[in-house]
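Residue numbering begins at 1 within each chain, and the chains themselves are lettered A, B, C and D in the order written.
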């Protein structure tokens, strides 16, 4: 029976970025561990130390080292890639991270790097389980956003986010798009965190709605499908047709001897 | 005709948690009544008495007794369960309720217990009628949230929610994600109620949207299905095929006597 | 060919509420005109007069007369209905309107009456054109809500909605669930208008999303359907099968004369 | 095989607006360039000059010239159109732009003109790629709205939007429907920009949700389709039936000579 076959990509294309893929496969686990470590160190630095303290400086050095590893990884991937221009255009976030020291909002960019690696790992772990992925990702993004906005806002004049509890509360009112306005960022860094968080909020709202709609429509679809021919019905028809042909062929096979003169 | 059959779970698995299910079947109605009574007592306590008054203390004792019954129910189910670790992991809300006294926000956790029992009952009662379920659940959650935030906020310094009317108005602006910010909680307890309410708001928005989308798509689907083969068409084809086979078989049955020598 | 037939409702049932339907058919157009007139008079009263002025009193009398007509219509329908209890339960909004004078928020209830009649007419006019229906309904609801909140708030102490422009701006920030909080109602009447408006906002958001999703999915569905058997393919199979049966029947019809002795 | 054929529109109808279409095809690129130039000039005027400065006046003259070109285009299309009344009703935005000088909020209307031309071009460029279209359109709308609200609000008394950074931040809180209320427009012009932005926000939310829902449902649909008869199955049935008929026809062709006497 002729089954529709998805044409495989040409082998040349598949091998094309083999070196890049090999690099990424090997660097995947170390980078994930590094990202998690980065976030832990960053959280300790923001929550337990203040700029100027020796501990702050030590942790800052660790964070800079992490950034250096991200740069090494980016350069390694660029070297491995055959289509370098395409690689640069396809990985804008990674480029931003490397260029971070030349921009003003370095620290926030490093946060995006760590979060983007971790959410990619999460997406693979929770394949097909939207609920679990959503809860873990939203928790991670919320915690990191609270750290980021707290660092940016706590010493700003006229700031309304001065404790980590305030930062968590502000994250909640923002990601749900409620936005009371009792707390809001006043620095540019804080507002960039807010922008990322609002976009995350829209994505969360959209995903929740879409998941509920899919669930509703699957139930409706199940009822419709119950009333429609199943693959088993289909097999029954094909079997019936083949049996019928066999009978007719047998019938033909027995008659020629008698009928050949009639031709 | 070979119908596709959903393989039944192995009998061993079905019996596995038979004792747990028997316990839950028997405790279902008493627990529902208890949850409803809990909410009524809680509402009377919050709306009509103040901490320190004898009536408040008496109602508080009743609420503690209710909590004790929830603990007895949890322990009973745990004893009945064969896979105890799985049971503990599958019922995190129930565990939280039992551990409530060891946490600071006991009273709120007990509210969650009562609401979660009642919404489960509602889900069974409104099976398939999304509109009715939504209206009753949202009303229940809104009323309980207003009680919870009113109790947490009314005596807090700098609080903006000081009457039950304010609490109801705040619940409305929060669950619809409008969030004017004229009223907002300032205590941790109040903010936890707000968090639950915002998540409820997102779920409500998602459900309303999904219900409307399903309704739209069903109408589109009805038009498409009208142009597609119906189960009756299918039956017609199968009947036609069987008739045909019978005729050919009759034809064969009548010929062998004449044709056997030709074989 | 056996077509699935939707069983028609029993004639007894159809005639059941024939008198009610006749009344509603005859009262439909006058009531629509009356509702529109009510809203115009109400708008003039709110925007151009103040309580205590003679013009205000005159317009108030007109509005009361309109209410009386709504009551007459309700009583008429109740008398015509055969299942009176069911009629009362199925038309809760209409009952509220009739009982309005016994409640405190009479004026708002009359607004709901007028709007609910007009949106029903609009639904019939825009059957299938979601966009047009949405624009006209949202405009109507917004204008009426602005009138209602303006009347309720303009003389309230500490009110932030003191001009009709403010009221329109507040309606916009509320129905889109943005909710800046620069303007918000402080009276119970105003907050009831806000509640209706927020629910309308959620419905609008849901409808817009659902309409876009339906449009997306229809496009996806069109592509899928192009690759699936069409009703014409189906007809081809049935024609083929019938032709085949006719041939076999002819074959049988010609043989019995020769073969009957072989039986 | 009888394929369902979509009836082509009558040729008369197709030629009907041939002159209008020819005009629009020729004016498409110049108008797009003009719109882009208009926005650049407007941005320079708002961000770098102040009313009363010579540069402001010079740029204002350029903007008026652009408006004149839009009017010429509108008149040209009206002259080309055969059904003029229908054309006027089908292009309300274009009419508003032409009538702009007679309204008070001229400048905002010209913005709408430029944005509406550019988003139409974008829609054609991003056909089928919802993500890309959304990002570019939302960026364009946000930037133009920030310019518009900044111009309207910066000199208004009690205004809270006094720098372009504030305007961008306000656009973000509005289009995501968060609405903190730390910044909000107080002029009528600014509020009209806000209205456009809120509607854009609802459309964005709806599109994001719909895109995610479509993606979910396509994945669900793929699984269902895998379990359903494919077009190849269908072809197999038809082939089987035709073979069967051929055999029966051959059978018939060989028998008449013997059987004709039996008729």
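Throughout what follows, contacts are C-beta pairs under 8 Å (C-beta built on N, C-alpha and C of every residue); 3 or more make two chains touch, one makes a residue touch a chain.
The structure displayed is predicted, hence computed values, not measured ones.
Interface repeat of C-D: among A-C, A-D or B-D, the matching pair is A-D, sharing over half of the residue-numbered contact pairs. Where chain A touches chain D, under half of the residue numbers in use are shared by the two copies, so each contributes mostly different positions.
Between the Cα centres of chain A and chain C there is a gap of 40 Å. Centroids built from CA atoms put chain C at 29 Å from chain B. Annotation for chain D: residues 177-181, 205, 209-211, 213, 217, 229, 231, 237, 241, 244, 248, 251, 255, 258 touch two or more other chains.
Of all the residues in chain A, the ones that touch chain C in their complex are 177-181, 209, 213. Residues 165, 169, 172-173, 176-182, 204-205, 208-209, 211-213, 215-217, 220, 224, 227-233, 235-237, 240-241, 243-244, 247-248, 250-251, 254-255, 257-258 of chain C are the ones touching chain D in the complex.
Residues of chain D touching chain C in their complex: 1-4, 130, 174, 177-181, 184, 188, 191, 194-195, 198-199, 201-203, 205-207, 209-211, 213-214, 217-218, 221, 225, 229, 231, 234, 237-238, 241-242, 244-245, 248-249, 251-252, 255-256, 258-259, 262-263.
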